[in-house]
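In structure tokens below, several structures.
Both of the next two complexes hold subunit A, though its partner changes from subunit B to subunit C.
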Partner chain A sequence: MSRLATNLRVVGTLGMRSVRQTFRRPQLMAPIVVFPTLLLAIQTGGAGSAVDLPGFPPVQSFLQFMLAGAMMQSVMLAGNSGGIALAVDIEMGFTDRLFAAPISRFTIVLGRLAGTAALGLFAALWFLAIGLIFGAEIEGGVLGALIAVALATAAAVSIGGVGSSIALRTGRASIVQGLFPLVFVVLFLSTAFFPEDLMVEPARTIAKYNPLSLVVEGIREPIITGVNAADVLWAALTIAGIMAVSLLLSARALRHRLATGG
Partner chain B sequence: MRRQDIATIVALVDRAKNELLRVPGAAVPGVLAPTIFFLGLNGVFGSLTQLTGFTTDNYASFLVPVSILQGAGFTGAATGVNLARDIEGGWLDRLLVSPAPRWVLLTGLVISASLRAFIPATFVLAVAFLVGAHWPGLDGLLIAYAMAAVTAATAACYSSGLALHYKSQSAAPLMQAGMLALILATTAYAPLELMQSWLQDVARVNPMTLVVDAVRQGFVGEIAWEETWPGILALAGMLALFGALSLRAMRRIAM
Partner chain C sequence: MSAAIVVEGLERAFGEVLAVQGVDLQVEEGEIYGFLGPNGAGKTTTVRMLTTLLLPTGGRAGVAGHDVVREARDVRASIGVALQEAALDPLMTGRELIRLQATLQGIPGAEGRRRADDLLERVDLAAAADRRVGAYSGGMQRRLDLAAALVHEPQVLFLDEPTTGLDPVSRRTIWEEVRALNEEGTTVFLTTQYLEEADQLADNVAIIDSGRIVAEGTPGSLKAEIGHPHIRLQLEEGSIAQAEEICKRIGLLLPPVDGRTVLVEVEHGAADIPRVVRALDDAGIGVGSLELVHPTLDDVFVAKTGYHLEQDGEESGEQEAVKA
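Up next is the complex of A and B:
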């Protein structure tokens, strides 16, 4: 078997383990599905009249507008959960056993990220399904839905890379878990839940320069207006940038862990 | 109540206090989460006050009661998670073989949750005043603190019941999500008339709506007894219900 095929097999196996682990542990699954779904329901029900505000972009419903935010919240928490699970593996010594195995070390990280990608895909499909069931239309059609799902999945990998790099660097689940509040800070200070022009200062200005807003808009536009190449491109470039930085940080943290043993 | 029962309750409250002093980070999530939600939601949904029919022009004032109760709910839920950890670690088994009655063990947990609820409530209030929330008056402040303490006790009973049933920290999401749903499925984000009809129906039958309205009155207007007593009654009812269920679970748990 070629080296590439071996590595792909390792990534696939570790990715599958990661997905199973998440589905078996409610603590890891709840932030990805339960909390974002609950917040989506409460926010659309409670603040649904916001679509009547002057300046709110034309949308079919507030649920349609909020789907991208819910997806983003879910994939960010999926990335964070992946980091926590990797840190737990390090604490329990499982990662040490993988380091001793005759496999490429970086496949250990890629395996975890493959699992995070699968969870991101699941989350995107979950919220699309919820939107469709409760009457939200996807203005971009099948292509728009595919773009939204692809961007959300890629975003999960890029955020998962950040979680993995911190897990590898610190080796402590409690530290990665401590990033949970930060996820919400970044989300609230983006256009995930409301149009930028209607946000209150200083949140509006921060959201304007928050790269996450570009990702959210890339996912939202195909849902609320239709496919717009510029929005998709900006979102893809932002995700690629975050992914490149996070993978670089993960590689450095992995090298540091291998060199120092901790 | 015997003197030794009181001593046991005080010892259990002391133990919870020690955790706060020795592991300061343990209180951080309970304080951070409602504060981040308060600031975040205020920045995001602040312009909702422009809608016709909104009862105040200051969204921070409208939102702060929800964040205080959310902090109390999280604090109570954390008590359940800690109890589940104590069950997994065998600490509760040692308490169960002691001559202390089971209601005393539960009371210690519940009182410690009530006292801890003052930390997030104070932090959220301080932040809220900084961003321009209205001063609710001394009576409004008293109502807010009292209702936060009883909400934390109710949440502690609810989550302790789950911890005693599942005997695992895996039940933590159920504890947190349950309290979050109870507190947010109210007039949390907007007045009843501006909410979507399905959530209006839920909020109307959710007793926590009465509690939110009772805490909110001082921040958005004047304190009135007609707005206060339904909240007291609703909280008393929920505390009695979840208290009875958790006591039943505590009495049934096998050593």
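Up next is the complex of A and C:
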């Protein structure tokens, strides 16, 4: 078996382990599915008439508007959970088992991200299913749904890269776990849950320049309006940018860890 | 016979602290090499360098004919590693772990599954193969860790304190497995803080203290280096002073441990016992008990470092260095 084929197989196997690990550990699964679902239910149940406010974008329902935010929240928490799981692996010495194998050591990061991608895909499909079951329409049709799911999945990987880089740099699950509140701050200071036009300053300006807003809008537009190439492109570029930076940081953190032994 | 491990002037510094200071050693193919020392002596740091998990800051090392820095990947393909505190994912099953290990070693799927089944059988975990590792006992976890390290049939097996924390029965099971592997041709580099373990298993032993090797050789030669066996006599009746006077004529009198015990070092071991007993009997001194005591690796350790490697009890498996 060629070296590339072996490394790809390792990425797949580690990704599968990562997914299994998440489903077997409720505390990792809860943030990805349970919390965002509850928040979606509370928000759509309690603030559904927000759609009538002047400045609210034209939507079929508040649930339709909120789906992108729920997906974004879920995939961000999936990325963060991936970082926590990697840090736990480091703490318990499991990564030493992987480092002692004749594989490219970056496959350890890629394997974790493959698992995060699978969880991101699951989360996106979960919320899409909830939306459809409760009457939300996908204006962009099948293509729009596919684009929303693909962007959410890719966003999970890019955020997972951030979690991985912090896990590799610190080696401590508690520090990565400490980022949970930050996830919410960043989310609430984007257009994930509120239209930009209804925000007050300075949140409005922050949301305008928050890269996550670009990602959220890229996921939202195919759901509430239809496929718009510019929105999709901006979202994809933003995700690619975060992914490139986070993978670079992960590679540097991994190199530092291997050189210093921790 | 060629060398499986060659280490020359190996060093590792952590900031200002030199954890390993110029270690030299050579392990021949097919031997069990015991690396003995207390906690913090530099055993694990040395193993981590030899297994490519940590870069040396000085010196060089080769494992299975490959340099640990320049040919790290080749080293990793040639070795099996079971590190201290079995690093197992409690959420995985035993079977999943060994299959993962097979994948990491580039073993094709069907072959990996076959080897996993064989190894689980070998370490007596077939019945527990589909249970999560978190539910395994300490002994089962160590056996699983050992099995995982063997999945690619490595030339050199590194075992870092494989029995620390295990009960005596589990410890002996691991010993038997290590012996069996060695008989099949696997070179074993074993770190331990258990004197008995090194004595029982190792063909050669190095004693490391404060990052330096202070003694190296076969357990027998190391013990022979520090002196002859001694006879321990527990007197039942008669004068201890007279007994000591008689024993002095036969061997070297050692410092007494209490008022009824005489220790005398003898050159010929068991062959000297009849002479001692006869001489005491002729003088009317009654001997309650008698024991021939051979030097132990602990005696070697004390002679080389000035302190004991003392066991803190079988249950905990903890040991600590105690200044004499």
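One rule holds for everything that comes next: the second predicted complex is superposed on the first by the 262 of 262 C-alpha atoms of A that agree within 3 Å, B and C clash if a C-alpha of one lies under 4 Å from a C-alpha of the other, contacts with A are read in each partner's own complex, and residues count from 1 in each chain.
Operating definition for what follows: contacts are C-beta pairs under 8 Å (C-beta built on N, C-alpha and C of every residue); 3 or more make two chains touch, one makes a residue touch a chain.
Note that the structure is predicted; figures quoted are calculated from it, not measured.
*Asks:* Looking at the superposed three-chain arrangement on subunit A, would you call subunit B and subunit C a clash or a fit?
*Replies:* fit
*Asks:* For A:L212, select first, second, both or neither according to whether it touches subunit B, subunit C, the two together, or no partner.
*Replies:* After superposition on chain A, A:L212 lies in contact with neither partner.
*Asks:* Return first, second, both or neither, reflecting whether A:Q43 touches subunit B, subunit C, both chains, or no partner chain.
*Replies:* So A:Q43 only meets subunit B here.
*Asks:* Tell me which partner A:R25 touches in the superposition: subunit B (first), subunit C (second), both or neither.
*Replies:* After superposition on chain A, A:R25 lies in contact with both partners, subunit B and subunit C.
*Asks:* Angle at subunit A between subunit B and subunit C: what is it in degrees to the nearest 10, using CA centres?
*Replies:* 90
*Asks:* Between subunit C and subunit B, which one touches more residues of subunit A when both complexes sit on the common chain A?
*Replies:* B
*Asks:* Counting only touches as set out at the top, which of subunit B and subunit C does A:L119 meet: first, second, both, neither?
*Replies:* Neither partner.
*Asks:* For A:F184 in the superposed arrangement: first (subunit B), second (subunit C), both or neither?
*Replies:* first
*Asks:* Looking at A:I84 after the superposition, I want to know if it touches subunit B, subunit C, both of them or none. Which is it: first, second, both, neither?
*Replies:* Neither: A:I84 stays clear of subunit B and subunit C.
*Asks:* Looking at the superposed set of three chains, what is the minimum CA distance between subunit B and subunit C in Å?
*Replies:* 13
*Asks:* Report, in rising order, the residues of subunit A that make contact with subunit B in one complex and with subunit C in the other.
*Replies:* Touching subunit B in the first complex and subunit C in the second, residues 25 of subunit A appear in both lists.
*Asks:* Touching subunit B in the complex: which residues of subunit A?
*Replies:* Where subunit A meets subunit B, its residues are 25-27, 29-31, 34-35, 38-39, 41-50, 52-54, 174, 178, 180-181, 184-185, 187-189, 193-194, 198-200, 202-204.
*Asks:* In the complex formed with subunit A, which residues of subunit C make contact?
*Replies:* Result: residues 14, 48, 51-55, 73-74, 76-77, 79, 81, 83, 85, 87-89, 91-92, 96, 100-101, 103-106, 108, 132, 148 of subunit C touch subunit A.
*Asks:* Show which residues of subunit B lie in contact with subunit A when the two form their complex.
*Replies:* On the subunit B side, the touching residues are 25, 28-29, 32-33, 36-37, 39-48, 50-51, 59, 169-174, 176-177, 180-181, 184-185, 187-190, 194-196, 198-199, 202.
*Asks:* Which residues of subunit A touch subunit C in their complex?
*Replies:* Contact set of subunit A toward subunit C: 1, 6, 9-10, 13-14, 17, 20-21, 24-25, 89, 92-94, 96-103, 258-259, 261.
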